[in-house]
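In order of appearance the chains are A, B, C and D, and numbering begins at 1 in each one.
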Amino acid sequence: MAITASDEPVVIGTGIVPVREAWETSLRDLGSHVVRAALKDASNPKVDALYVGNAYGNVLSHQANLGALISEHSGLCGVESHTVEAAGASGAGAFRAACIAVQSGWVDVAIALGVEKFTEVPGSEAESAAALTLNYEYESSQGMTLQAQAALLAQRYLAHWNLSRDIFEGVVIAAYNHAADNPNAMFHGMDEKRYRNQPIIADPLGLYDTAFLADGAAAAVIVRKSTAQALGVASPIFVRGSANAVAPLSLHDRHDLLSWDAVRKSTLAALHKAHLSLADIDWLELWDASVIELVLSLESGGLLEAGKGWQSPPKPVNQSGGCLGRGNPVGASGMYQLVESVNRLQNEDAGRNALIQAVGGCGATAITHILSN
Amino acid sequence: MAITASDEPVVIGTGIVPVREAWETSLRDLGSHVVRAALKDASNPKVDALYVGNAYGNVLSHQANLGALISEHSGLCGVESHTVEAAGASGAGAFRAACIAVQSGWVDVAIALGVEKFTEVPGSEAESAAALTLNYEYESSQGMTLQAQAALLAQRYLAHWNLSRDIFEGVVIAAYNHAADNPNAMFHGMDEKRYRNQPIIADPLGLYDTAFLADGAAAAVIVRKSTAQALGVASPIFVRGSANAVAPLSLHDRHDLLSWDAVRKSTLAALHKAHLSLADIDWLELWDASVIELVLSLESGGLLEAGKGWQSPPKPVNQSGGCLGRGNPVGASGMYQLVESVNRLQNEDAGRNALIQAVGGCGATAITHILSN
Amino acid sequence: METPRHWRLKKQRYALVGEECPHCKAKIFPPRDVCPECGLEAKTVYHFSGKGEVYSYTSLTDAPAGFQASAPYAIALVKLEEGPIVTAQLTDIGNEPVKIGMPVEMVTRKLRDDGDERGMIIYGYKFRPVLS
Amino acid sequence: METPRHWRLKKQRYALVGEECPHCKAKIFPPRDVCPECGLEAKTVYHFSGKGEVYSYTSLTDAPAGFQASAPYAIALVKLEEGPIVTAQLTDIGNEPVKIGMPVEMVTRKLRDDGDERGMIIYGYKFRPVLS
């Protein structure tokens, strides 16, 4: 069949559980729980495909082929399924795969799932496993970690712009305080005293400057606009733009450490696809696995000037609390951003546009979506 | 833009290296080598996306986010990229993702890559890692392995049909002998004496009844037919059908152990999409990570009757030698099947149809493509 | 060491605790959210008798990491009296040849010895021939 | 134990062996197939001097598995004289505070001690302050 451009992907149902340390629950149960919730929310359409965004299941749960595992557990035997992996952008990658699939006309009803389970192993092992998204041969094999990468960026940023680490305080406290209003968040507020007393774990970054690794899952049901009409869905949320762009995986392979090419390209491509400019965007959810990543995303995405990414942005950013306030189930976080944004748009006046961006690795992969109500 | 149904995906270039134990080469080098070869074969079009099919990189090479790693290493900074994982069907999953992407109109030029690197670790660790595609909580944690799964299927099959393990001999010897003509294959022939002297490793299956795990990579460049015409490609290979279907991951969760639902559904859906029946198919490449998997694929795909999957099929099957004769770089094997089939169709008279099917896990995920010249 | 997972699975592993579907009465193991027979929600706890028969089997000489101490061992699909099939090792089989259809019953045994993972020993279900 | 990988990387790790692009003369490390500067093929072996300066740095108290023995340690991006940036630990820094721009030179040191992975010890490059 021929799909017209105006028959764009829309979201017709979502499922989400609070980010937490879900000791008592398996990867499979976390995933199937939100898949079923999303399907129920969409009035149980017949499903064609389930795309699973996950970064660490192979290592932390010794489990590959999550597509077959979770679809069976969700009562969806026989559908299409595979895993999408792009480090922290895995969930957003599953969402984009679902959008592309319905847009192709080869798939009518797709579910995008983001799921991550860190508490299968003790915290130290989880931190080591998290370094999988670095270049093993030339980064993690030298003793590099995710937090150290963020620290190297932050150190260079402060030196380049002649700033002190105090600039991070306002950004981080805002994230934790926004999370106080998010029922899916692990953290509920932060005061100056607590922030200033944090231990420095990778100079210049402290304990609260990097998001806590945690468990979580979120899912969305995606169809074409015409399918939503046929199903009688009253107010779907439109996916107007979608883009994925990568940069060199390793920090040492980038021409400019402080300019995130993947974020810039992905932002521009998603806006271009949506026929919108940044001025048309009402609010944004950007990536903040660490505070410096949010600063660089704000600068490279064009919302703040270079060297000023720590200042107050001109539009609402990360009112969810972001990864810092919500907790970071890495491969699922992109779906948290998207599902929470869909739910928020459903409660806002019509005509709002939101830009949602997840980043995998330390600026290596950026996947951007533009949602509208 | 609106894509018409007749503007189907086509393959305009391929790259492949022989399956082997590539001690001296990294996952990244293996991948980028065939990506560049495929691009050169396609006269170097501007690339929009690279989809990486890989099953074990996280565990065997401690490396996630292969999309960013391999695209940079291939000189493709800034493209879209992510990893597709569906166990043995990962490579075929990347191919399907590329087809869907160009069909959506959101992507014009996509590369599908299958890459797997087992020789990063000693053989025993590789065998243990391979069990990741089983259900960890209820299969691998009980001491189950891939070979044991195949053996359980084979044992039940022989008992159910009252047959002896001699039925496997002809199937396996044919695979190894077909491989003698395949320059990408590890093995080059097998005689009865050698087969009969093989050690039994998981009763009733012997050493040669399961494919050897090895390293490999293969890639294809996929565009829409109209793009191929604009690029001046003389004779692209058409992707007429494509389908992915899953079954319960664990053998113990299946209603009928000897009927592969995923294979049946995926075969029928791909034929339906291509508006073809099995009678229209000239030859097939089916999955044979073990001999019993080929037997069950032949039966569930409808080529031979139940209980007769070990007999000579009515059409040419696995003239490449299959995984048994080629060696099995698991997440890459699906792309080997596809790339070799594309290359073969380019040298055949026009009007041929080939059915290519990869299976992930032990019958858990089946991804089928129908290619025509 | 993977304490959370093994703590979570202990109940199922020690006593074959699954579910009974409240809708179609199917007995379910491993436990899950959706009944594989009728597709409706399943949550009622059900204790299996642990009796069954060998549905298929093989024996492994090359054991995977963590299982070398028990190699060679027989691993089987066991069809429980109540319907579901379970993956498990066979134990205490002595010189008796394993056969499809052979009656077996559940026992608790050491499953693996995580020499590499800080000496953790994991117990769980295996099946042995029913003494007749 | 991961012999194949470490054997493969030994040359780069012991002596900072990279490439020089035959087309644009860019010096490349780590070695790769395509020159990151001009996009053409790069294969000519090039030995780096091992001299450079700290481009960025941090110090870690919580080290990942395999690196606990050397914790706390400083890890840096080092900009080599010839252009490329390398990720590496700093060593022999004594009480001198690390600074961006500080001159450093390559030395070979023990990188990790794979206690968990059969006692394999891996050597490779680290950088130390240049004695002035």
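Things worth noting here:
Keep in mind that, in the parts below, contacts are C-beta pairs under 8 Å (C-beta built on N, C-alpha and C of every residue); 3 or more make two chains touch, one makes a residue touch a chain.
Model, not experiment: these values are computed from the prediction.
Repeating the B-D interface, with the same residue numbers in over half of the contact pairs, is the pair A-C out of A-C, A-D or B-C. Centroids built from CA atoms put chain D at 49 Å from chain C. Look at where the CA atoms of chain B average out and do the same for chain C: the two points lie 31 Å apart. Look at where the CA atoms of chain A average out and do the same for chain C: the two points lie 38 Å apart.
For chain D, the set of residues that touch two or more other chains comprises 5, 36. Chain A has residues 26, 61, 72, 77, 137, 140, 248, 253 in contact with two or more other chains. With chains as nodes and touching pairs as edges, the resulting graph is of another kind, matching none of line, ring, star or complete.
Pairwise chain contacts present here: A-B, A-C, A-D, B-C, B-D [touch as defined].
Of all residues in chain C, those touching chain A in their complex are 1-5, 7-8, 32-36, 39.
Within the complex formed with chain A, the chain D residues making contact are 5, 9, 30, 36, 55-65, 67, 70, 73, 75-77, 84-89, 100, 111-112, 122, 124.
Put simply, chain B touches chain A in their complex at residues 1-5, 26, 28, 49, 55-56, 58-59, 61-69, 71-72, 77-87, 89-90, 93, 97, 100-101, 103-107, 132-133, 135-137, 140, 242-249, 253, 261-262, 265, 273, 360-361, 364-365. For chain A in complex with chain C, the residues that touch the partner chain are 23-26, 29, 32-33, 36, 61, 72-75, 77, 119-122. If you check the complex, the residues on chain A that touch chain D are 124-125, 127-128, 131, 137-145, 147-148, 151-153, 155-156, 159, 201-205, 248, 250-253, 255, 257.
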